[in-house]
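Only one structure is covered here, and it is reproduced in the block below.
Per-chain numbering from 1; labels A, B, C and D assigned in written order.
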Amino acid sequence: MAPVSDRIELLIDTFASVRSATTDICQPLEVEDYVIQTAVYMSPPRWHLGHTTWFFEMLLKSHLPGYEVYDERFLYLFNSYYDGFGKRIDRHRRGTFARPTVARVYDYRRAVDSAMSRLLQQIDSLPAADEIARTVRLGLEHEIQHQELLVYDIKHLLCDEYKPVRLHPLPAAAPIGGEVEIEGGIFRLGYDGGDFSYDNEQPAHRVFVLPFAIDRRPVTNEEFRAFVDDGGYSDYRWWLSEGWAKVRAEQWEAPLYWEQHDGLWFERGYRGLRELAANEPVTHVSFYEAAAYAKWAGKRLPTEAEWEMAACWDPIRGEKLKFPWGDEAPAEHHANLFENALWNPAPAGSFAAGESPSGCRQMIGDAWEWTMSDYAPYPGFKPQFDEYNDKWFINQKVLRGGSYATPRSHIRTTYRNFFHPDERWMVSGFRCARTIQAD
Amino acid sequence: MAPVSDRIELLIDTFASVRSATTDICQPLEVEDYVIQTAVYMSPPRWHLGHTTWFFEMLLKSHLPGYEVYDERFLYLFNSYYDGFGKRIDRHRRGTFARPTVARVYDYRRAVDSAMSRLLQQIDSLPAADEIARTVRLGLEHEIQHQELLVYDIKHLLCDEYKPVRLHPLPAAAPIGGEVEIEGGIFRLGYDGGDFSYDNEQPAHRVFVLPFAIDRRPVTNEEFRAFVDDGGYSDYRWWLSEGWAKVRAEQWEAPLYWEQHDGLWFERGYRGLRELAANEPVTHVSFYEAAAYAKWAGKRLPTEAEWEMAACWDPIRGEKLKFPWGDEAPAEHHANLFENALWNPAPAGSFAAGESPSGCRQMIGDAWEWTMSDYAPYPGFKPQFDEYNDKWFINQKVLRGGSYATPRSHIRTTYRNFFHPDERWMVSGFRCARTIQAD
Amino acid sequence: MAPVSDRIELLIDTFASVRSATTDICQPLEVEDYVIQTAVYMSPPRWHLGHTTWFFEMLLKSHLPGYEVYDERFLYLFNSYYDGFGKRIDRHRRGTFARPTVARVYDYRRAVDSAMSRLLQQIDSLPAADEIARTVRLGLEHEIQHQELLVYDIKHLLCDEYKPVRLHPLPAAAPIGGEVEIEGGIFRLGYDGGDFSYDNEQPAHRVFVLPFAIDRRPVTNEEFRAFVDDGGYSDYRWWLSEGWAKVRAEQWEAPLYWEQHDGLWFERGYRGLRELAANEPVTHVSFYEAAAYAKWAGKRLPTEAEWEMAACWDPIRGEKLKFPWGDEAPAEHHANLFENALWNPAPAGSFAAGESPSGCRQMIGDAWEWTMSDYAPYPGFKPQFDEYNDKWFINQKVLRGGSYATPRSHIRTTYRNFFHPDERWMVSGFRCARTIQAD
Amino acid sequence: MAPVSDRIELLIDTFASVRSATTDICQPLEVEDYVIQTAVYMSPPRWHLGHTTWFFEMLLKSHLPGYEVYDERFLYLFNSYYDGFGKRIDRHRRGTFARPTVARVYDYRRAVDSAMSRLLQQIDSLPAADEIARTVRLGLEHEIQHQELLVYDIKHLLCDEYKPVRLHPLPAAAPIGGEVEIEGGIFRLGYDGGDFSYDNEQPAHRVFVLPFAIDRRPVTNEEFRAFVDDGGYSDYRWWLSEGWAKVRAEQWEAPLYWEQHDGLWFERGYRGLRELAANEPVTHVSFYEAAAYAKWAGKRLPTEAEWEMAACWDPIRGEKLKFPWGDEAPAEHHANLFENALWNPAPAGSFAAGESPSGCRQMIGDAWEWTMSDYAPYPGFKPQFDEYNDKWFINQKVLRGGSYATPRSHIRTTYRNFFHPDERWMVSGFRCARTIQAD
């Protein structure tokens, strides 16, 4: 491990860049945009700014000698769900208080950042240095996660009224299709690198995977529209029972953000209201919709082991690769990760150089992909962070990959994202799979 | 009736002053404050600004040749409940949209004001001049009503974080108490003057009132605290059944804005958090609480006929007075009406010069007073405004008088305010009455 | 007052006949029918049998020396809403417990009846004789009320599957129509006879009534169908705001029990499914529907003072009559009261001999009639029964008259029935009125 | 495969015995008990009788020439959730209709049984013989499932007021404890025998299991009480987030049917209210409670592969056994399966002869055991029955084994039961496991 002083410098640098990335996303917002909550699953940008700061303030309270809480009320307003830190505002009421003003929350950020700077400067002299460093790292990963949520939330709040600072042209792509076959066998699932990962990715452990086929690329808008046009949303046969109840209760007729005008389908996004781009991955579908499509298509969703194998298993070398494309990502692929984002999934088939060893594309950087795997602990799981990942091990499905809203530093082939099966406000898509031989 | 040209000038002047009074109330607000909805019964200030403007825009659409709608989306966002004007946002979702910005709503106001100015200038030449003038007048009365709602809403939103532009010292008052006895008999209830009144105040008509006694002044905080201290909120015997259900469901223990700290009762208001002022009228009580107190005290609430008689019947002259104190209000009394407001009810017994002929004080300008009368049409009622007053003739109780948040031009002895019996976000108090002789 | 011994004999007789009338209604029921709750406002017959018995058991607990509670669990299961008697099952859960069996509830009735018999035999020797007699009388009136509720509940439960023991042919009626005009003036509203009445009918007191017109007979099915056919249920203009919300939420398209088959309207009732009888009073309409019809027809509902005046004021003699038709009811009219019931409203215009002095018919014995009067205490009201009538003085409207399901002994011109404005499971109809001259 | 005629005879016999087993369970019921619904998850016995009959009537409609539907209304009342068979009563309203009477439902059963008998007699002559036989078999399995649900529902409805026809004394048991270690490796999960199994148990397929330890017997009441006494139900740390929300919303303090009296814990069951039997398996716990206990105890729940391996893997022979104890179950073990039931779980450690090859006891016949496995399709899954198992593949957890309420013919080591994680009205318990070595 590097000497502490190097680590500190890196920590301080990372801290500054992560923190400013959060506010960068907010730069185009009006004051009003910061405080509105459009739906119970959405949080106002002001709240994200406050909550990510609160996370570090909790650290300061424990470890910076003489630190005084910035404002007692913020402890109530900006705690998300940590029972260990006391009472907090109900989630659905995050948009019901007028104060603090946005300006004051920015002051709060600056004050906490400044105190964090003091803490990090003296970290060597503190007995809990390792724990602090570990918690800072967690806080930064946590903030990166919230950056992605911010993007989803802003989409729900403003959609085409939000103007990203940079908006790059979408790449062109030669259409590809079909599926690849993977032989299966014993596979080592999960993270065992030496860098940061969440506890829920560990321990890496053996699983047995039966021979399977998986789509080379995500299901596209055009493919999904065929399901819609075939009456998919009004035929109970394709749906899980609870999905069917949801479809009727919410009167779903298509993915979120799709709109029909004069018989044509459009999609609203950061680029405005555009006629449905046939060749782009379908996004903003729930697990229910993904599973219904797969059943209609005579397939199923992949398990997370299948997905991970398709993403990084190199049968020639007989090993898992760190990234689908090896240790060095092709520059072009980077284009679709958050820091330099397209703010849109790239057309299906883009990034030929980023093909996985098995021949799959776009497993990262376009849309999170639903798997059929329950979000549950791996065998031998040990919680490393209180109330962070393990209290959610129920009623959720694992998504793998990463979307165009996922910060680049947050991408790993082993990363396990999770949402309830009825959620679709995040950038969620899917690809299909099937078992070749069950026995 | 005055010549049309005079009326127009007056209309134009009144229009300007009413419209600017609305924005005056908003002057101390931060941008964030404009858009937040704290509870389902509350509307964000942005919405009030938009809605009162929408009201005039509907008039422009019908009557100003060539008028083009400012923004089609505003028709949906800023309609309140008028079925005749199409679909509208659900009431509980008035704080869930980020745009238009506050600045743009102010632009909207200016644009509509400017178009209204054009309309009013040419009103003489229009065939519908009378209808237009009548609707403008209604629109102004409507806006005045919203000014009062704005004050209530801002209190719920910000309470002591709102700083009124002017805040006058409360008057001192010699304590008065007791009740006055009124002989009753045939009384002419309702409005029959020649100025504006709502249709629900008409027609004036005869009612028979039995001899009754009524409190000289509103019930005070001190008196109400005795009810609280006596366990009033935990004894079902004082409560109407639906009131008792509300008390338990909402865990009410005292009037809204009362807080207990270290065994002492405080009240939060525009003047900050102050120890309960014993001598001020209790406010922010629901009908249920008012009725429970009255039952506990061995009395009842007055009917609206009793209240109106106590407020303006002069048994010596044998006639109703326009105001409790005659045609000219004493200057001191004016102090507590909105334009020059105390932003607080005055101590009980204030405004000796404003005593009604029967000897009652503070029937206007401190707190609305609950009556036991159902909000129902008077015999011979004819609706004059579509969907304005008559669709609400159910499940509500009449309040009489007016609070310190009631604009002065809105005060009449015959004005019928109405709220559901469980509401208490408005400045509502009460005084007790009893029947002296039932037969 | 009669000597106590006579009163006792009468009490004992009345007790026996009232109690057996309740079980008579239940005679045609299957065991299953006793225990089912079809809707939150409905109570299962088993529950009525238990609750009316519980009422007398509470009396026994207080006054019969040595009385032991029959079954402690029944105190919880069969209390309706009396906070003074402790915890009780939630109203909507009255059909969720399997035991006691129906047979055991009948045992309970017999045991309590037997103990009541012992109490009544020795009443003279008890110091609280008067209070006991008064409470027994109240208990019997209470049970009579529940007999009527039983009929409503059985209709909701079984409708045409319930076969009344006796079912008489409907009378023929010459069609009458039009309205009568009543001069108004000072009228003495409420009960001041010497027999039993509820506290809410007292004290009789003067009111002033303006000249008005009122329909000679209830609104008929044919008339109401015209409103339905005119699109009345899909036009917001006729409806109170909360009524309109109800119509849409419940998808009301016609009165309860109306059914449309092949374009024709039918009504389901104790006589089976019959094509809508044009000439019978419309029943099972809520206040909202009655008020909407009246607005559509250019009229309004009467106040309860108007209704009572139309029912019993004799302008020639200058006095109120005990019954519309004088002291002796014509035999034919009796036919439609409960003990010998038609189990249906009689055709409009029936019972010519039962015309009120003002010329109105069928004010009693066919359908309860909605008035526009709030259910509120009369001036000088004094509660005589704990938690019986006065805790309901909110959010309800007064109905006057009585339906074919009203026991004969329960009929009075001054009787004030009350329901929430959205209720329509009882036999509720209405007639229209209008103010002739408001001033 | 046996000749068709043999199969038919067997089918006819099985049909008769399964159908009468259902009514046997109902024999002790009163009429009232048949029709009451105590909670939304519970169905009244009348409904079970009707629904299981409806299942066969649907078969008759399709395959018995000339069959006429018994009563059209039953198609609506007795369909459970099959969208393919049209509209149906809402689940929570199964106890809100009075008719048909119980007697008529028994008539319905007899009529359908009689028609089924006609169908089965002529099955050879029908072209769809195989499909019919397959559906009859499914219908019988379906009815067996409902027998178990009936037992759960009757417990919720009547608990100790239900008197089983036979009630055997509980066996004595030498206390055993501790865990067994299982080496893991490739294991063949699922059913591949030649007899009936559900589609969700197939196809049998290879999985890889890491070395693990599992409790020799289910967690006992005494062990679970230690968790309760340690404040387990008021410490968020042990709970999944959604479980913790449930605990607070429902105010859970212990397993269902536990009651505390004077500081002692009792359990109510078919044997009455008994002081908590320390040595019996805890039952009526939700997944949330099982998982919370396991976390508190430093363990976890087993996966279904681990559970199945512990139940039937014989490492000596290197094969799965049909039953834990081999092909022939010891007679004593049978005692606790439904047909000759104890109506209670047997004490922990009972049935030594029924030990699995790995040394675990009571994996069958006492309580269903929660696993941490999501209820999801096995790889290569093919639905064999419409809307039967596959529409439920979401938000549920697999339970393995079988309870004392599970009919003997329904027991298989591969049987996958499933419930939502908050359900606890069934006889559900658990045992703990842990991973010995993750890698």
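Basically, a contact is a pair of C-beta atoms (placed from the backbone, for glycine too) under 8 Å apart; a residue touches a chain by one contact, two chains touch by 3 or more.
Everything quoted here is computed from the prediction, not taken from an experiment.
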Open item on the list: Going only through chains that touch each other, how many steps at minimum separate chain B from chain D?
Closed with: 2
Task: C-D against B-C, pair bridged by the larger set of C-beta contacts - done: B-C
- [ ] Would you mind pulling out the distance in Å between where the CA atoms of chain A average out and where those of chain C do?
- [x] 62
- [ ] Could you put a whole-Å number on the gap between the CA centroids of chain B and chain C?
- [x] 38
TODO: Please compute the C-alpha centroid of chain C, do the same for chain D, then give the distance between them in whole Å.
DONE: 50
TODO: Spell out, as numbers or ranges, the residues of chain A touching 2 or more other chains.
DONE: none
Task: Touch list for chain B against partner chain C, complex - done: 81, 83-84, 186, 203-208, 210, 212, 236-237, 239-244, 287-288, 291, 300, 303, 372-374, 376-380, 391-395, 421, 435, 437-439
TODO: Using the touch definition up top, name the residues of chain B that touch chain A in the complex.
DONE: 30-39, 46, 95-99, 101-102, 157-158, 161
